[in-house]
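Going by the order they are written in, the chains are A, B, C and D; count residues from 1 in each one.
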Amino acid sequence: MPEPGGGIAALRTELTVLHQTLVECGLVAWTAGNVSARAGDDAFLIKPSGVPYERLTPDAMVLCDLEGKPADGTELKPSSDVFAHAYVYRHRPDVGGVVHTHSAYATAWAARGEPIPCVLTAMADEFGGEIPVGPFALIGGDDIGRGIVETLGGHRSPAVLMRNHGVFTIGADARAAVKAAVMCEDVARTVHLSRQLGEPRPMDAGDIDRLYDRYQNAYGQRGRP
Amino acid sequence: MPEPGGGIAALRTELTVLHQTLVECGLVAWTAGNVSARAGDDAFLIKPSGVPYERLTPDAMVLCDLEGKPADGTELKPSSDVFAHAYVYRHRPDVGGVVHTHSAYATAWAARGEPIPCVLTAMADEFGGEIPVGPFALIGGDDIGRGIVETLGGHRSPAVLMRNHGVFTIGADARAAVKAAVMCEDVARTVHLSRQLGEPRPMDAGDIDRLYDRYQNAYGQRGRP
Amino acid sequence: MPEPGGGIAALRTELTVLHQTLVECGLVAWTAGNVSARAGDDAFLIKPSGVPYERLTPDAMVLCDLEGKPADGTELKPSSDVFAHAYVYRHRPDVGGVVHTHSAYATAWAARGEPIPCVLTAMADEFGGEIPVGPFALIGGDDIGRGIVETLGGHRSPAVLMRNHGVFTIGADARAAVKAAVMCEDVARTVHLSRQLGEPRPMDAGDIDRLYDRYQNAYGQRGRP
Amino acid sequence: MPEPGGGIAALRTELTVLHQTLVECGLVAWTAGNVSARAGDDAFLIKPSGVPYERLTPDAMVLCDLEGKPADGTELKPSSDVFAHAYVYRHRPDVGGVVHTHSAYATAWAARGEPIPCVLTAMADEFGGEIPVGPFALIGGDDIGRGIVETLGGHRSPAVLMRNHGVFTIGADARAAVKAAVMCEDVARTVHLSRQLGEPRPMDAGDIDRLYDRYQNAYGQRGRP
């Protein structure tokens, strides 16, 4: 975890480690997934495009402005998802980290355009309800970013399933967004498995609220998940 | 394994290793699972809340009394499941270890509120019958612990599927409870797969009894599984 | 691989490595699986009962006669499956290695009592047809061994699915039996997946024969798979 | 990656690493999968037959002419799939690498003889449409190679599902063919999972074209995926 005030060098290292976490958690194949982290008021760091995870180094992370334009003198091109990340940082000042994956179970729900119903206490804890579906959108402009922001605006969930595409998650920092991506795949898988042999029992809306409130405020050390 | 008489330091080390076993066996995502071990007559050790598995150390394990209250001077908060563990230790003097996970296949059964039928010899060996379902209960008080104890009271199974939540297992020591958690996920998966393409053949109740008796008494070195 | 003439010490080492292969290939949970190897005319080596795979050493392997009785002075008890292995060695002089697992996909077929149909060229290569189902049998006497020998007598397959139990495989040596166990789980999984969304296309019996003949005689270096 | 002009020694090393990638990505069991790379105008390198992946060395790779005949003095026999690889190199001068696997999800589609529909943006990116099915063909002559070339001639996909058999992929070099094999299994799995609980939403043909064009031309560093 970057030290408060550790600055951009610490953030580059943190981002490198978090990409490794995506690999270890089985969320990505080949080069198809990326993490970004807000860096100061008007910039963020993101994975370079098409670079294998095992060759990522802190220096390879690309610094971009909030329009997705790389800083002068940058050698590597940013992830082709850079404009979606940029849109989120521009419109959600509370967001410090964004993750994108095509993790298999979550993407299977996304391909059907079906939200994941909240039928697990762990899902109530982290997502506070269902994981919603965002629109189909082509890469390269503001469409994906707008779809993310508009969809998440109506939910407590930090994860959104983009139709026929994959998952985007947000967090107060990059580590929280990675945690949401890991938990999203975990619950996508468990609810998928449960549905294969019948119907999971619905949870009471009041219980979901109580679980969400407790987890967001009391879990972990010093109230931080 | 802790030496007999190795005391609490050995138990802290054992507990650290067993959390690593949960990770290696694929039973936990992020920080969502915990192991505890009875420590003397009126205390137990448990994982701290929200600490990543790779940072757990023997010293980080939290010593609590049987009401779930951490010992004086403890820095880290215990797992938020501490009260469920405490309830089990208070009401089951034969139990020396408790494990909680959200392992995917077992939790898929739990989400449907459906017990896992005993259709495998390995299941008869370890569980002596079906793996039962306990009630839905909110975290933070005695409800989960009471649900565990009341449900397991009527079964030979050391594992219970808590509705819409996950798995709790018990054992004579922490290692035995971890074994039960590993075997629970293994049979939850195999029976799930079998059910996907038809119906597993039921087993004769007498055969289940014979297998259970032999395994509990003759398996392993010196009769200890 | 043991050197020809390397004797029993080499065989103990080989057996230790092969148990590790079972773990790496995901075929076993906890201590539930074992490999044995014929050692001379009237004995075989087998895993000790209930010992975790990571603690297995060459010296821990138990030397037994063909009735399953450990050699004088042996400290560790042999696997509780020892009598099934012994029966196979007594009745199949061509067999030099036996493996037993509860690998998940194969055991899912076994729990339904359903043979795995030969619908893959890789299955024709290794198994020469379907993987058959043997009877339900209790552990501890000759019943399991007899079920294995009688079932495999009518098939080219080196693997048999024992009802509600798991898989036994045989081979000219222990390594060939482990290969059969790995391939059995691999095809059990692939055919399972294929069946989940429809019906795999049947293969022509003549094609199965041609594939089996070629693979058994021409594959690998010096004709040895 | 081999240095341009690094010659055949660099290619042998690259091929050794790429076989390790197949193992790490879970695409192969035991010895059942192989990679080849064009070496100059009239030759290619391929895995030796039946050699375990962990024992592969650069020197073990077998140099063959475009009829699949090993160079004079070669000790090890080439993969029994050598004639399929050779046929592809003879008829597709644009191909620099070929991969064959029995990866489970893709082979499950192949066993049903069912193409994988293009319902994911990642699939449009890499495959430009569905992944097609080729004919059933026996090993050992030109039939498999001809089936691959004829089927891929009508598609943008670098992957083909050979009926009741497995996957072949092609690429400008061996690394690109391995990438196609990894992505083929990834999308085979995701679409399989999606179909298990309903129907994935179809994608618009124009959107597939736009995604394919962008990915082939703009993704990665210097336009190279």
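Quick notes on this one:
We adopt the following convention: contacts are C-beta pairs under 8 Å (C-beta built on N, C-alpha and C of every residue); 3 or more make two chains touch, one makes a residue touch a chain.
In UniProt terms, the chains line up like this: A, B, C, D = L-ribulose-5-phosphate 4-epimerase.
Computed from a prediction, not measured in an experiment: that's the story for all the values here.
Counting steps between touching chains, the shortest path from chain B to chain D takes 2. Between chain C and chain D, two chains of identical sequence, the interface residue sets overlap only in part, with shared numbers making up under half of the total. Averaging C-alpha coordinates per chain places the centre of chain A 44 Å away from that of chain C.
Separating the CA-averaged centres of chain B and chain C is a span of 31 Å. Each of the following residues of chain B touches two or more other chains: 196. Interchain contacts close the chains into one ring where each touches exactly two others, per the touch definition above. Partner chain D is touched in their complex by these residues of chain C: 25, 119-122, 179, 182-183, 186, 189-191, 193-194, 196-201, 203, 207, 210-211, 214, 218-221, 224-225.
Across the complex, chain C is touched by residues 29-32, 48-51, 76-77, 80, 102, 104-105, 107-109, 111-114, 136, 138-140, 163-166, 192, 195-196 of chain D.
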